[in-house]
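The next part holds the structures, each set out as structure tokens.
Same chain, two partners: chain A is paired with chain B first, then with chain C.
== the complex of A and B ==
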């Protein structure tokens, strides 16, 4: 999504010459910049017609709550994708962070200590990702794929494979409390989104991220410390996965060693739906936030309509692919 | 984008299910049940779904059954319940994947005094903390299943011999209770090894293979579910010990019954998920009429071996014996 304030890298892959009216129309207009917003509106309209429950306040609140965790993970993922990277370890980092709260409960350290441990664990793994990528000079794909396995193994070792019930007033208020009509968990996600937007568009660090993603070698020649910036980006992704781990624990009421895997695919999907270019150098925060809302609104609608859960991944996957193809026509 | 929107709309409209119309003058005609099970990829929960739908049709209730994609779709299941709580259902049947993941979204239902019937274990402390009360929990006594198998093994082995136990996930309550039940009825049998195979057929096969090598004089296995039991049976067959080493499973899934008929698996401790689904719907009806149910509704089970497997298959998915529902008499 090329919003007025977004920055476009030099090395964006130019859309190949396409014949056909649709392609020309799409390229000449700014339609694609708003594609994800239109998609959200389309889902709302279709949903409103198909189910009388879809556009109720209670259901919209449900969608916001269900999207919150994904939004936080997707923002972290977007920080990496903007640098032309990918973080395949996010789901496992959510998992291992959640388990840290369980560990804190098991060893009677208290839930607040567990929350701190979860954040530290996520960030630590993120830094590790960044160091492996920048010092080890291997692709993000392999580095984070390895870390996916290491983090999920660590979660199993630390938890001994067992879920731990977490009963804490603090987490309960995060999961089910609200300020006015807004659920706390959604407000937390919104806060993360606002901070993410500021970091990306109003700091030098943000500018550097776009520069690295747009033109890796060029950035290095300009004297940017590419390695350090990558480590910082992965640290952010890890930190946000840690926060997501806390949100997940609050929501399901226990620290589970075997959950969180869905956030890997869905965070990339939300980011791509939101117009983040997988080739780097282009992206926003608002885009992935709306991307996540579209994904969860679709799942919500299918649940309301009684569409079997086995069909849901097919629809999700199709929507992502359709969008990825559509964005090829973007200027 | 336009194409995308059209495709999207088309896909969704094409997938819209036609709602069944409620029958007239049946006791459950005002009942609108939401059932959220673990995953329909597991035959056990698929049978539960059939039982729920059959009983709902019988009493004239409408029911929507949803479930997670697989046994680890914990947060997905939470979202499903959250979505359904916002609708106008007046009873919930829930089988949580973890023992706490559905409590938070059910708080709203509990506040509205909508009956909640459990089809799998909840964490009692977490329920109390959230102030959620269950109408009843429909379950079998897992210890009874293990005990029945142990007694049958004692009989077949003449009271002595080495046996091994294969459990599911290490901390899974059903697995623990089944194996505990076995120990309580094992008498003079010597339990030489106990292994957790995570409900995974291949892991169970590998574990059984290793155990058979370590204990060549082993006489039998008790396995906490049928999927794993079939893996164990495979290891026994591979070792050429079919019939010499007894293998008992739990659940009575179709593949297990077929294996028993073929003279492979020795037996299985049957539960009747189809019947349990029916009990859950009856519990909804009774609770919505204001009846007070027992905290736990105990469902029947039975041991199936080569002697009664034909009868069991013939009457499937119903039990092959007479069973009187303890809830039916509470319904007006």
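== the complex of A and C ==
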């Protein structure tokens, strides 16, 4: 990475000097591109030293399983953040999708029908988000904040506020089956990640997502269908929240109207940790995947070390803020 | 008012027979009670550079937005390359051959040069996914730039790394490189230093000499005098004058723009 003078000037405008040398060092290297990978390695090394159980196959497998749902939600969130937007409704969409499986069980429609309903429900709410944002011309922040409330209310209404136990060989196989050493649920997350990567980096739609996030007005002037592209991005985020709802139901064995709210903050955290710019126009799929792994590995390690559950959100939040500050120095 | 009348002072000029790439006929644009364009008629000859000058608020930007399909005129018509056209959106304008160099360049910093050149007209394998043909696009982009004799270190570089003049060159390439029939340039050098401005002007001159058609919107009279063949002067949403560049001077343009010299055309309605 070269550093012509003009760029140094630009970067200074974007990031007021904190410590000149640190900033220059961060700018002059590719270090920050690899920050999240280094963070994962650091957690592994520290964890391996601190706890003999941390690097066992069983524990690593359980980290993978625990990360899977977050990975899927974070990928959806990343599609939105790349357009310089935010989707605050993802957690509620996970809930309402999970509840759809409970509804299917309650009305004896069968779990496969419930799975389909969960996917449709997530996608439908996602499309609604997109239409409200692009046709209603209000900010994603407000639109999806409203949808957060509507979706979690819908989940409560449909479930009457009660969890429904879901017993299904299909979901059991998703939750605890594996192919070789790889848990099925992690393979599902990996599949979503691969498809997400292809869509983002090898399709016209993906290019246009980056363009809209990088230069909204310019994209419009060049004739990109900004509205339609945003609707599609929110539909993807909703679809993935629906899939995450299915995964969650499989994991806990019941459709619960009140779990899943943690996915909102954690999906944004994983995405930002993975280098997605909240200003839009920049991001990857691999980054947020590793970001989710780092978050869940940290939580896992804290549990192993006996750090109280109440401390965990404090650590998670601090890590996210530190990374967000570090990324400010990136060009 | 007929278009013929609106260009009446021009009738003696030999260019009357020249082929018009663009004719704007009596276009009005209202935003609610505000009249932004009050019956504007201009034309652009094929293979020439026409310029529009005028003070802030004269209606230049609104006219550009109508020509690029961002706004639709309240009344009046556009004739492009001999055919009456109605532009519903920017994509439609680009498809018929009107490309624009926007004031803010409409460049995306974090995309590569070739991605910027192909923005909105990516080559794909079709199908529902529209997988992109990256290698073909990079190769064509390289040919486009070398055809325009533009020196850019690497087609794969992100635009963020380019200098101001290079960014401008990428945006200009996109605005002429797609066999555009008409390239609209909205303040093409407003944000550039002296050296970069000269480079960009040289590029425009070279393209003009190759027979490209331009509509130039500029505050810079020197630039307008250097680059254009004819000049339309706007004030308060109207065309108040039309000159051959060879037959006018910067002083006369200032007088027409400010209204110190009374308007000749376009205000009889």
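Keep this in mind: the second predicted complex is superposed on the first by the 312 of 331 C-alpha atoms of A that agree within 3 Å, B and C clash if a C-alpha of one lies under 4 Å from a C-alpha of the other, contacts with A are read in each partner's own complex, and residues count from 1 in each chain.
Heads up, the rule we're going with is that a residue touches a chain if its C-beta (ideal position, glycine included) is under 8 Å from a C-beta of that chain, and two chains touch if they have at least 3 such contacts.
This one's a predicted model, so the numbers in the text were calculated from it and none came from an experiment.
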item	value
Superposed partners chain B and chain C on chain A - clash or fit	fit
First, second, both or neither for A:282, with chain B first and chain C second	second
Partner chain(s) touched by A:306 [first = chain B, second = chain C, both, neither]	first
Degrees between the directions from chain A toward chain B and toward chain C, using C-alpha centres, nearest 10	150
Which of chain B and chain C A:176 touches, first, second, both or neither	first
Which of chain B and chain C A:199 touches, first, second, both or neither	second
Touching partner for A:225 - first (chain B), second (chain C), both, neither	second
Partner chain in contact with A:66 - chain B first, chain C second, else both or neither	first
Touched partner set for A:210, first chain B, second chain C, both or neither	second
Between chain B and chain C, more extensive residue contact with chain A	B
Partner chain(s) touched by A:165 [first = chain B, second = chain C, both, neither]	first
Minimal inter-chain CA distance - chain C and chain B, angstrom	23
Residue numbers on chain C that touch chain A, as the complex places them	68-70, 89-94, 100, 102, 104-111, 115, 119-120, 122, 124, 129-132, 134, 160-161, 163-164
Footprint of chain C on chain A - complex, ascending	2, 4, 6-7, 198-199, 202-205, 207-208, 210-211, 214-215, 217-225, 281-282, 331
Chain B-touching residues of chain A, taken from the complex the two chains share	22, 26, 31-32, 35, 38-39, 42-43, 46, 50, 53, 56, 58-59, 61-62, 65-66, 69, 160-163, 165, 167, 172, 175-176, 248, 251-254, 256, 258-262, 296, 299-313, 315, 318-319, 322-323, 326
For the chain B and chain A complex, residues of the former touching the latter	1, 3-5, 7-9, 11-13, 15-17, 39-41, 64, 66-69, 72-76, 78-80, 82-88, 98-101, 103-104, 107, 123, 125-126, 129-130, 169-171
